[in-house]
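These are the structures, in structure tokens.
Both complexes shown next keep chain A, but they swap its partner, so chain B is in the first and chain C is in the second.
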Partner chain A sequence: MTRWLLRRLLDTLATFLLVAVLVFVLMRIAPGDPLDRLSDDRPMAPAEQARLRALFGLDQPLGTQFLQFAGAAVRGDFGASIEYYPTRVTELVASRLGPSLLLGATVLLINLFAGVWLGVLQARRRGSRLDRWLTRLSLAGYAAPSFWLGWMLVSIFAIEWRLLPAAQMTDPMLPPNAGCLAQAADVGAHLILPALTLTIISLAATMRYQRSAMLEVLRLDFVLAARARGLSERRVIWRHAWRNALFPILTLLGLWLPVLVTGAVFVEQVFNWPGLGSLTAGAVMTRDYPVLMATALLVAAAVLLSGVLTDLAHRLLDPRSRDQ
Partner chain B sequence: MTPLLTVDNLRVTFPRATGPSTPVDGVSFSIDRGERVALVGESGSGKSLTCLALLRLIPHPGVIAAGSSIRLDGTDVMTLEGEALRAIRGGRIGLVFQDPMTSLNPVLTVGYQVQEAVTAHRSMSRAEARDRTVALLEEVGIPDPADRAGAYPHQLSGGLRQRIMIAIALAGEPDLLVADEPTTALDVTIQAQILELLDRIRTRRNMAVLLITHDLGVVAGRTDRVMVMYAGQLIETAPTPRLFAAPAHPYTQALLQSMPRLTGPLNRLASIGGSVPEPTAWPSGCRFHPRCARRIGPCAAEVPPWREAGPAQEGRCWLIEGQAP
Partner chain C sequence: MIGSLRGTVATAWHNPSGRAGIVVLGALLTFALVGPAFLPDPTRIPSLGQGAAAPSLTHWLGTDHFGRDLMARLATGARISLAIAMIAVALSLSIGTAVGLVAGSLGGGVDRVLMRLVDAALAVPRLFILLLLLAVWERIPIAALVAVIGATGWFGTSRLVRGEVLRLKNDGYIQAARALGAGRARTIFRHLLPNVAGVILVSATLSMGDVILLEAGLSYLGVGVQPPTPSWGVMVFDARNSFATAPWTLFFPGALVVITVLATSLVSDALRAAFDPRSA
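Entry: the complex of A and B
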């Protein structure tokens, strides 16, 4: 087990380095560079351009640039943002990471609990009216475009009924000396609509996965055998059936974990949520190489690590694979 | 003395697009306390569904038809719900399944699964439940029981797994142990050991046993009475020695004739061709008549009544000349 984990982690590290090189090279090959974008705003003298190129190290050969970047990155320094010069990239990313994690974790938790519970409910009542309506509703949510859904929720809850704030993560009018509780309540209120939007869109996948996995398991002999020994229905469903139907959910969870750090671009834009998604989208537009590099590596690390975590969870929860 | 279990006119139906299918169609029998009864018949005759019906565990979308009656010790099992029904399942009636590999939950230790069966029927402290579990494992002949309790099903051999299933079935101290082809999925060498274990346990605990099998060889010397099932109905019942000496129904005779070859599943009978008809379209009259070498005038048209063929022996065939029982 430990050896397996060690090998898996080394593999992952190798993949990560490969991704880093690829992203770096591809970004430079792609047409356009940060200075084009700066000179869009106002005409720039060639001398000034050259000075800026030198400032950001863009005049060096590609290999040298990469080595410089890698050497600094290993020490946790990703340089300064070009767009927001002289703000450090790490500072920029750190300030956006919190909101992204907050929104992502909220959605992931609600999604898991509600999706698993509803999917199991559907499987237990397969073919019933409840089952059919839950399928229809969840698929409708899945099919709704996220920005449209966001706007609908904003116009109903924020503009029409004035129940919830429409955008941002905090109320700028909140006195800075407000208590901890008041601040948390403020963030909570701002969180509701973006979290609801993302949940509605993503819930269907969990429900469908869970429903079909559970249907698969409910047919198996050991579920019948569990009932035959007189166990309560709750124990049969959760301890016996669900315990075997959670593996597809683990896989799904592994695919979604990275969303915690990638952020949700559309929803962040609709709600003006200060997360990593909008930072990345902005950096793509402005070719802000240092920011792009940092966010790309963050996402790559998240994807690779959640892959390892998923495999690890599978192994821990399935005694058959543990023995292999 | 009233019997322990009385089943009357048991019918199991599955809704189908083309009309309902009735794989168990009017089965009646009773089992006394401590009695050892065998239920034999070819694949598809409805033996497993009959057992599952005793616990009201017919798989969705099947149902036990109205008019069926199952009484256990005077309790009407058909009207039980919730707690009371669970007290029957594993409590009064223990069930041993055919394939121990698929009947054990792969992600829970075998000790856990025995222990939850113990605590499902009696509240006790954790330490007590644990002792009880180890004692049960010991009773079914698991070596190193305290150790093996921590094993997962895939870590045990087929024979040990079936012993675990038997321990689970015994956990609630049942009055009736139903064993549905308990050795079919096992190696030939292990089969005898498991049957021997069942015999020993039955003698020690003095419970009634309903042994389902398609292997008549297993039945001799191990059971007091045999019930023969065909196409969803019982067609003969007799004391075991009597059934071997003088089988009354042509189907039973065919089963006995094909006995020496009976090692694998009884899909084809040596002396007669064909197989059990589908439960969506039972033949008219006697359900065995299309395959029967000795059929006569009324067989295809009229359902034969039960008739007495010998002492405590009854059969459902127009050839039997005895009285109605």
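Entry: the complex of A and C
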């Protein structure tokens, strides 16, 4: 097992290095210059432009630029942000990590519970009207552009009904000496709408996976045997069938992450949530390419690692997968 | 095998959800093709300071904050969004199928190198790849946008096709074709390709929806279709400042995206069910 894990990690590292090259190349093959935007508003002297290009290393040959980028990246340094100069990109990313993790974990948790429960429900009532409508509704959620859904929820819950806050993570009017509970409640209230938006767009995948995994299992003999022994339906479903329909859900973890991260870029932008998503969206609008490269690499690392974790979980839980 | 492809589409048509999806997509295509001819110019700003008007008999879906007819903008937007999606998907399917066929049938070092590259590309979510490519680009031409979206969508398809090829490679009829002296090219195009067509078709309908969402997202972030050309994503972006007083400017473009993507998912589901009845 240890040898397998070691080999898998080395393999992942090789892929990641390739990703780094890819990210660098992608950034530089597009026409246009990250510094063009700075001269949009007012004319800039050529000497000034040259100084800035030297400052960000853009005057070096591509190969040198890549080596500098890679060398610094290995040390955890992605250079200075252009928009927030001279703040380091690493610093910027670190300050945005917490809120992103909070939002992501909340969505994952709701998604897991609601998606599993609804998926099992659908499998039990396969082909019924309930099954069909749950599929259609969840697909409609998947079909909604996350930013549009976010603005729609803002217009209903924040503007029309004035129930929930529409932006940021905390209320600036909240006194700084407010109790722990009040502060947590404040963050919680700000969390509801972004989390709801992300859940709606990502729930379909979970339900679908759970439904088909459950259908596979429900056809098997041991479920019939459990029923024949007169066990209660609840016990048959959750204790016997569901436990065996859990594996495919593991695979889903690897698929979720890209969806969630992509959704977060838009949803955090809409709700001004101070996470990595809104940092990325802002970097796109201001062409802050060092920030973009760092977030892309971070996301890639997360996706690759979640792949390793999924495989590891599979091997730990299912002895059959170890033979392959 | 092409006959069975037709049979599959027929089966999908008999599935109520599938039929609904096909009908809706047909209606949208008609709206996109014919609509702009009967509607006012979507980019002309009638007179300044007019503001957004609610839906009425003259403007069925109302106007935006510049006084531009919303339905006209939606129709032109449909034309752009659907055209981008169709061309980009065709592009990425062709690349993906070619790479998958090559990797799967040649095997060996070629396969390893190609799949390693695909692994790396799949690790970065497509949106991020596109953002990296488009962020520094001044005024992206639509043709370049289509090319870039198409060129970043084939990784999954190539994996899928490669898997199918590996599965089919040892099937009796492929072996028989080889034994009868069919060359590599003939085996690939006459025997393998028709049998992976089903997988490709399902993946095509599925990625249609993804690309429509992706294009809307890119346009929303300002790195897709450039205003004043209307695209559904641009329209949502425009509406974010006016929706509090003119909610229709926000509602309609997004709702049209939902309808379109939902229709493609229903068609894709129906096709998948027709190929593999057990999965339904």
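Just so we're on the same page, the second predicted complex is superposed on the first by the 294 of 324 C-alpha atoms of A that agree within 3 Å, B and C clash if a C-alpha of one lies under 4 Å from a C-alpha of the other, contacts with A are read in each partner's own complex, and residues count from 1 in each chain.
Here, a contact is a pair of C-beta atoms (placed from the backbone, for glycine too) under 8 Å apart; a residue touches a chain by one contact, two chains touch by 3 or more.
Here the structure is a predicted model, which means the values were calculated and not measured.
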{"item": "Which superposed partner A:229 touches (first chain B, second chain C, both, neither)", "value": "first"}
{"item": "First (chain B), second (chain C), both or neither touched by A:278", "value": "neither"}
{"item": "First, second, both or neither for A:240, with chain B first and chain C second", "value": "first"}
{"item": "First, second, both or neither for A:258, with chain B first and chain C second", "value": "second"}
{"item": "Touching partner for A:287 - first (chain B), second (chain C), both, neither", "value": "second"}
{"item": "Between chain B and chain C, more extensive residue contact with chain A", "value": "C"}
{"item": "Contacts of A:111 with chain B and chain C, given as first, second, both or neither", "value": "neither"}
{"item": "Which superposed partner A:199 touches (first chain B, second chain C, both, neither)", "value": "neither"}
{"item": "Overlapping contact positions on chain A, where the chain C interface meets the chain B interface", "value": "none"}
{"item": "Residues of chain C touching chain A in the complex", "value": "17, 116-117, 119-121, 123-129, 131-138, 209, 213, 216-217, 220-223, 232-233, 236, 239-240, 243-244, 247, 250-251, 253-254, 257-262, 265-266, 269, 279"}
{"item": "Chain C-touching residues of chain A, taken from the complex the two chains share", "value": "14-16, 18-19, 22-23, 26-27, 29-34, 36, 132, 135-136, 139-140, 142-149, 151-152, 155, 159, 212, 258, 261-262, 265-266, 269, 280-281, 283-285, 287, 289, 292-293, 295-296, 299-300, 303-304"}
{"item": "Contact set on chain B toward chain A in their complex", "value": "52, 55, 57, 59, 86-91, 95, 97, 99, 102-108, 116-117, 120-121, 152, 154-155, 165, 168-169, 171-172"}
{"item": "Footprint of chain B on chain A - complex, ascending", "value": "220-222, 224-232, 235, 239-240, 243-244, 317-320, 323"}
